[in-house]
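Just below sit the structures, each encoded as structure tokens.
Shared between the two complexes below is chain A, which has chain B as its partner in the first and chain C in the second.
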Partner chain A sequence: MEVIGMDDIYKSLVEIVGEEYVSNRREELYIYSQDPGMMEPHEPDYVVMPKTTEEIQKTVKLANKMKMPIVPVGGSMSLSGLVIPHHGGIVLDLKRMDNVLQVNRKSRHVVIEAGMTQGKLKAYLERKHPDLRHSIPDSPPSSTIVGNIVIHGQGRLTQQYGFNSDMVTGLEVVLPTGEACKIGTCSVTPYWFALAPLPDLAGLFLGWFGTTGIITKLGLKLYPKKKLRDAEVFVIEDPNLVPDIIFKLTHTEMTEDIVVSAQPYPLIFKDIISIIILITGDSEEELEFKRRMIWDALRTYINSNEGGFSMVPPDMKQNLLKMPSDDTTKLADVMKGGGFEYAGPIIPIEKYPQAYKKLLELTSKHGITFGHAGRVIGRSHCIMFSFAYPFNRADPDNLKRTKKALHDTNIASLDIGGVPWKPEVPAQKMIMKKMDKNTLDLMKRVKRLLDPNDIMNPGNWEAE
Partner chain B sequence: MIEYKLNFDEQLCITCPTRDCLVRCQYMDIDKDTAKAEMQKMIKGEDSFVLHECVTCYACEEYCKRGNHPFYLITDLQEKRGIFPIPKPLVTQWVNAITPGRKDIKQFWGAEEPVISLCVFPEYVDSIRGKLFEGVSIILGRHICCQPGYVHFGNPSLIRERLPRMIENIAKHNFKEVIFFHDECYSAFTSYASAYGIKVPFKPVHFFDYLHNKLKEHESEMKLLNNKVAYQRPCTSRLTPEKEHFVDNIFNLIGVERVERKYDRENCLCCAGIIRGQQRYDLFVDVQKRNVEDMVNAEAEYCVFNCPACYSSLSELVAKKGMKPIMMHDLCKLALNEKPAGWK
Partner chain C sequence: MQAYAEQIHRCFRCGYCKFPSNYTEINCPSYSRFRFETYSTGGRLWLIWAWLKKEIEWSEHLAEIIFSCVTCRNCVEQCPMKFSDDIVDWIVAARRDMVEKGLTLPHIRDFLNNIIKHGNPWGTPRSKRDAWAEGIKLYKPDDEYLFYVGCAGSYEERGQRMAKTIAELLDKAEVSFGILGTEENCDGNEVYMLGEMGLFQELAKKNIQKFKELDVKKIVTLSPHGYNSIKNKYPKSRDLKIFHYTQLLLEIIQQGNLKLSELKAKITYHDPCFLGRHNGIYDAPREILKSIPGIELIEMERTRENSFCCGGGSGNFVIDLLGKSKDSPSRIRVREAHETGAEILVVACPSCMAMLEDAVKDDGLEDELAVKDISELVKKSAK
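Right, the complex of A and B next:
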């Protein structure tokens, strides 16, 4: 049997990507051992930064040979430890692969490499194609587009067009055994315009957190970018009204984005639920038409004195229109201890009141503070309901209470009929425990088939 | 808690020959006979359509030349009869927003006269700089906020509950005079307190009174601006019209022309922020449109604001129509060759 030592692995990696792009230095392994959330850190053995699909293929083949874990990494912004190398191995940092490969204006899509960040694509489109846009999530600009797609992320256009992962038009994937494979029309023609009408193989990789392969290229839908944007805020006190309000708003088909938010501080937000409604238009007249439609849609609640459109001062409006919003970043620092995590289950709209009640109950029970934002997905099809808990990492008691609250939140989310979004490993286990047995078995079979040596991001989606 | 009662002279109202308080209202079409009948109903504490349609612009206080308090009568009656001009969640927001909390500092250590109260507008701290404000101390916070906004919300009793405590918080410092940046504060500590017999142990000074005096001190350094300006009167200025002359005095000093227009002085229109808050969208759009078009037709280059809330409500539309929205003290700074805070 051929025995290869750690030095030999390092040398092999240097041969693949060059010395500058491999590291096993402690200070760099430390950086890749954690994210800002609550999962325990664990260092990888190596960090590799490939530039091409071929380099990734070679690295994967080496990892297979060594039966060594391999974890693809984008911006490491999931907050739920999805790219923490729980079993060590190789972290494959894709940030060097950040080119726009093509933009098809008329068919409104872009093909990008896997390390392309949200900020870079936004800047690129603003410069080169100011009438096109993609669905920007509220994560920091350094988060990657593929990272967001892989976790079924949401963004500014999610209310209109569904999960960001619904906007995929094609993929290039390096399979766990090292073959590069195209998915969608790009597998048949030079064009990356759709996944249909072929068998939908994209589902083998979306939502799997890199456990079934490494996405190296992505085709992504672009959308019309209107010249003007505006924000309205409808405020209510009763969470039971939220499902109907969202139903009525989405019925207008006039909104860009709808976000429901609540937080105890500052006091102006205490006991209030704000429904932030964004609209776009190419002219003041278009904006005015949409604004009136929205006001009319909620007239019932105005007349009953249960809700009303709030005054939105210019500085507040500017903040609401920011893409991405920096509210999350601000909330993350509330406890001044550098810790922030949220459980954001995807729930049916009608379960909103239950989830809200649970949020208040859990934060009171565990003596912690919260911020809540819920982004409507599709035309009232469901909502991402975030239970966001800032915490002080330097305060062990606060840390412990927040951890318990997150655990209870995941249980509550499943109990009310939701499914935790981008779940950390313990929450994944909760989901799988509740999952239909045949479905779980299918997942296992798919995983085994694609990744026979079980090297891809181990720890994630592993059943008991 | 002391029960403060409105000083309203029923006889004075009944014998009024003009009924201007309601007849001149810009948002309700009321003739003299109807005005008489509706005022009589309200004096008796009965329901009136006025209670439901009032946009709470305060103008009737100014239109009443007999010194009575028709506006305070209306708002007290709205509360008594449970008529909320604004949806309840918005009221909750604003009641909570200005509730002094545990973290509010009760003392302003080192504050010395002259003292300017910025009420709850910390965003204006940076603008209180330069020649006009040399040597002033700033005080601000929820524990000194005047609170009269609640007349808009159908719960004016909260003002009577909170205002005496705010007065007490300020009085602790033994200031002889306090300059109030926010027109609403000045009017609360003068008109509102007086109408309800609430004692104020210091002299409230209006910000424009202060600005006028300071400009005079610096008159020799001033350059005349030679601009045409429209002035947006805030609702609370209706409560204390006696200090309105400072607007013209200041404009004369800095050399700007207050354009002649339909909706100015006693005939001014509300910024409409509160009309929007009342969820009367069509009226809100109409009032803002008429107001701003009037400024444009009069060829105003600047729209000068007194009140931060008016600025919030109207500045965007003003800017879209090609005028520069500016607060009065920032305009004064331009005459002293100083840049307003945030200008590049």
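Right, the complex of A and C next:
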């Protein structure tokens, strides 16, 4: 069919995915114009829910023909507006594609479709492979695994194995020109076990927020799931101690996850920094051994009265062990306002004290409250330091102050040597301004090469 | 409920409400059916707020979204926020605002009009309300229980079958009871959930008046919907005790007033939302089933607080906004029941009975899975 107008685009989309899964109605356009964060909304022209890679290919080809923007959407939980269709066009909600395609137990990986949620994969593994697990972030269970990978997310196994995007074993990607392309060993063999030893093409898509292609299938590393887990909480008052404590803890190689947290309310938590240490084991004996190693590593701080292990009541422990933890989500109701925004720069560990100082300074300056959690990445290779600001979406003044705080936080993050994580468009521009010129030029060339019509999630990673 | 406009923006749209507590599948019936974010609880609440702020105007599609919530309370069960208990009330409040302004869908208007004119949502004459009840006596003030049958039990063929069976069992156990016959009025549960508060209050007033006239002390309902309405939505009365029939049947069995013999069957049980999540009654139906010798009860993956609704709540057993698809909640549910290997899907609600029996036919499972009410199994075993 020769496409000429909006009606024809609608009809073509209906032909591709079926009438039930296309909408250009006001209500869908409204909801898909925004995420739960604070970025300005912008409506798409169509919302489409494909079920197969082939349907995505056809939609992308149509979008190319019409030079129409196309924005792939997972759980929409980045809170930085990364899936807001800034230039309209087609939003592709991928959540109907939520199947597990294969599990390789011995080679410990899974192949999933792009719309698989964190919650559903967790449930699937618990039921079918209870000795395997994936790295679950603390975003809600409705967030998708591919969405988390595309933003270089982190999870419960990040301290042991790096960013969740380091756990990719293969990709199927629909390129901006419509070809479906496999990346990793799956491009050569039927097996999805690794990206190496081939040239690492996955880097063309990870961290690009869907501006270079649409990931439709993902191979993901799975890890041993130990029978037991436990949580310890080490409390200190001096943020200057954090880098050294993390260095010592990671040296033990005994921990599952290390999260540093702080919050001003309730008052018993004020000025306290809690270092949450999670451990796993197949027996009580193994857990006890790990506990002992951790206590030994931190003994100097206990002896000098600079820190100590806190009592962890059963309810609190249950919360700490929950995957995903809903504590992060609950931040959204701190102001009874339905939201929180956070800059979560990735910073070197030694910059923690500066970032913490900045957090207190900025929240005081803008008259807002905060929740803070920092997740250690790798063996103290870096940390995601969240400046999380609960806001009230019904209070324009509060929204304005929170937006200003977010802006200042991004500037501060770059100033102290960090890089904003999953940056919203204004923060992307700050990063690109500071980026090495040749690197920025390389990014532009890659983008032009892959997406000649500039249809993929335009507005993101768009240099001035 | 009045304050909903000042509270509804608190939803973060985190999506916990889409799932059961272990996240296995989508557990919100309307989101499961349509998969657009608009049909999730979060999407719906954000649209209501947008409508209140006049960012979007009312449309038939908006009404379809708002009225396709079956008020099953999965969202209330799963939402991690402090306001979770209020979510269904917010949706009902928005419907009330729409209904008051005359902004609803033609088939919802017909549903409500039929109740106004005929006392039931199908528009069947009021005089036919007791057509099922030949030989069942009317309630007299010295009876112990008023058997409140409700619209589905009075007019819908499968509901009538349930009502007859329960009446027979009560007779057999020598329980003193009676019905209201043509004097019975709609209990108003669906009217309430659809937001027609004026009509609901009128129905409640008439029913309460009738209960008082007849000096009713104990009511046993056929439908969990009626149970919910009379117990939770009518003005509280210390003098009136309300039971769902599964509670009474269990008591009868435990007291030895019904002797149950062996009945070999593999069964699974579907928790009705208005019995389970709305009223916390999960054990009585299961205790009855376990008391039948030979019954093997196999639970579905989604059960009790995590049960997946049949899609019939909020009048949808008539209005059917979630129907006409292999992805309709009732069809997903019968496939889930079938996967357990059970031969019988047991229900305790006339709406669930109708929804699931239709779904079994639509899915071509008639030869492999029967849908039966608990009372039917008890009757068979009590012979």
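Everything that follows uses one rule, which is that the second predicted complex is superposed on the first by the 461 of 464 C-alpha atoms of A that agree within 3 Å, B and C clash if a C-alpha of one lies under 4 Å from a C-alpha of the other, contacts with A are read in each partner's own complex, and residues count from 1 in each chain.
Note that in this section contacts are C-beta pairs under 8 Å (C-beta built on N, C-alpha and C of every residue); 3 or more make two chains touch, one makes a residue touch a chain.
Treat the numbers as computed from the prediction; the structure is a model and nothing was measured.
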Fit or clash - chain C, chain B, common chain A: fit
Which partner, chain B or chain C, touches more chain A residues: C
Chain B versus chain C as contact partner of A:K227, first or second or both or neither: neither
Vertex chain A; arms to chain B and chain C (CA centroids, nearest 10 degrees): 70
Which superposed partner A:E306 touches (first chain B, second chain C, both, neither): first
Which of chain B and chain C A:R393 touches, first, second, both or neither: second
Touching partner for A:V235 - first (chain B), second (chain C), both, neither: first
Overlay on shared chain A, then closest C-alpha pair between chain B and chain C (Å): 11
Shared contact residues on chain A - chain B and chain C: none
Residues on chain B engaged by chain A in the complex (per definition of touch): 84, 86-90, 92-94, 96-97, 99, 101, 123, 273, 276-277, 279, 281, 285, 312-313, 315-316, 320
Complex contacts: residues of chain A adjacent to chain C: 20-21, 23, 25-28, 30-32, 36, 47, 49, 75-77, 93, 95-96, 117-120, 122-124, 126-127, 140-143, 326, 329-330, 332-333, 336-340, 392-394
Chain A contact footprint on chain C (complex, rising order): 6-7, 9-16, 18-19, 22-25, 34-38, 43, 46-47, 50, 55-57, 59, 61-62, 65, 80-83, 325
Residues of chain A defined as touching chain B within the complex: 235-237, 266-272, 284, 288, 292, 295, 302, 305-311, 313-315, 317
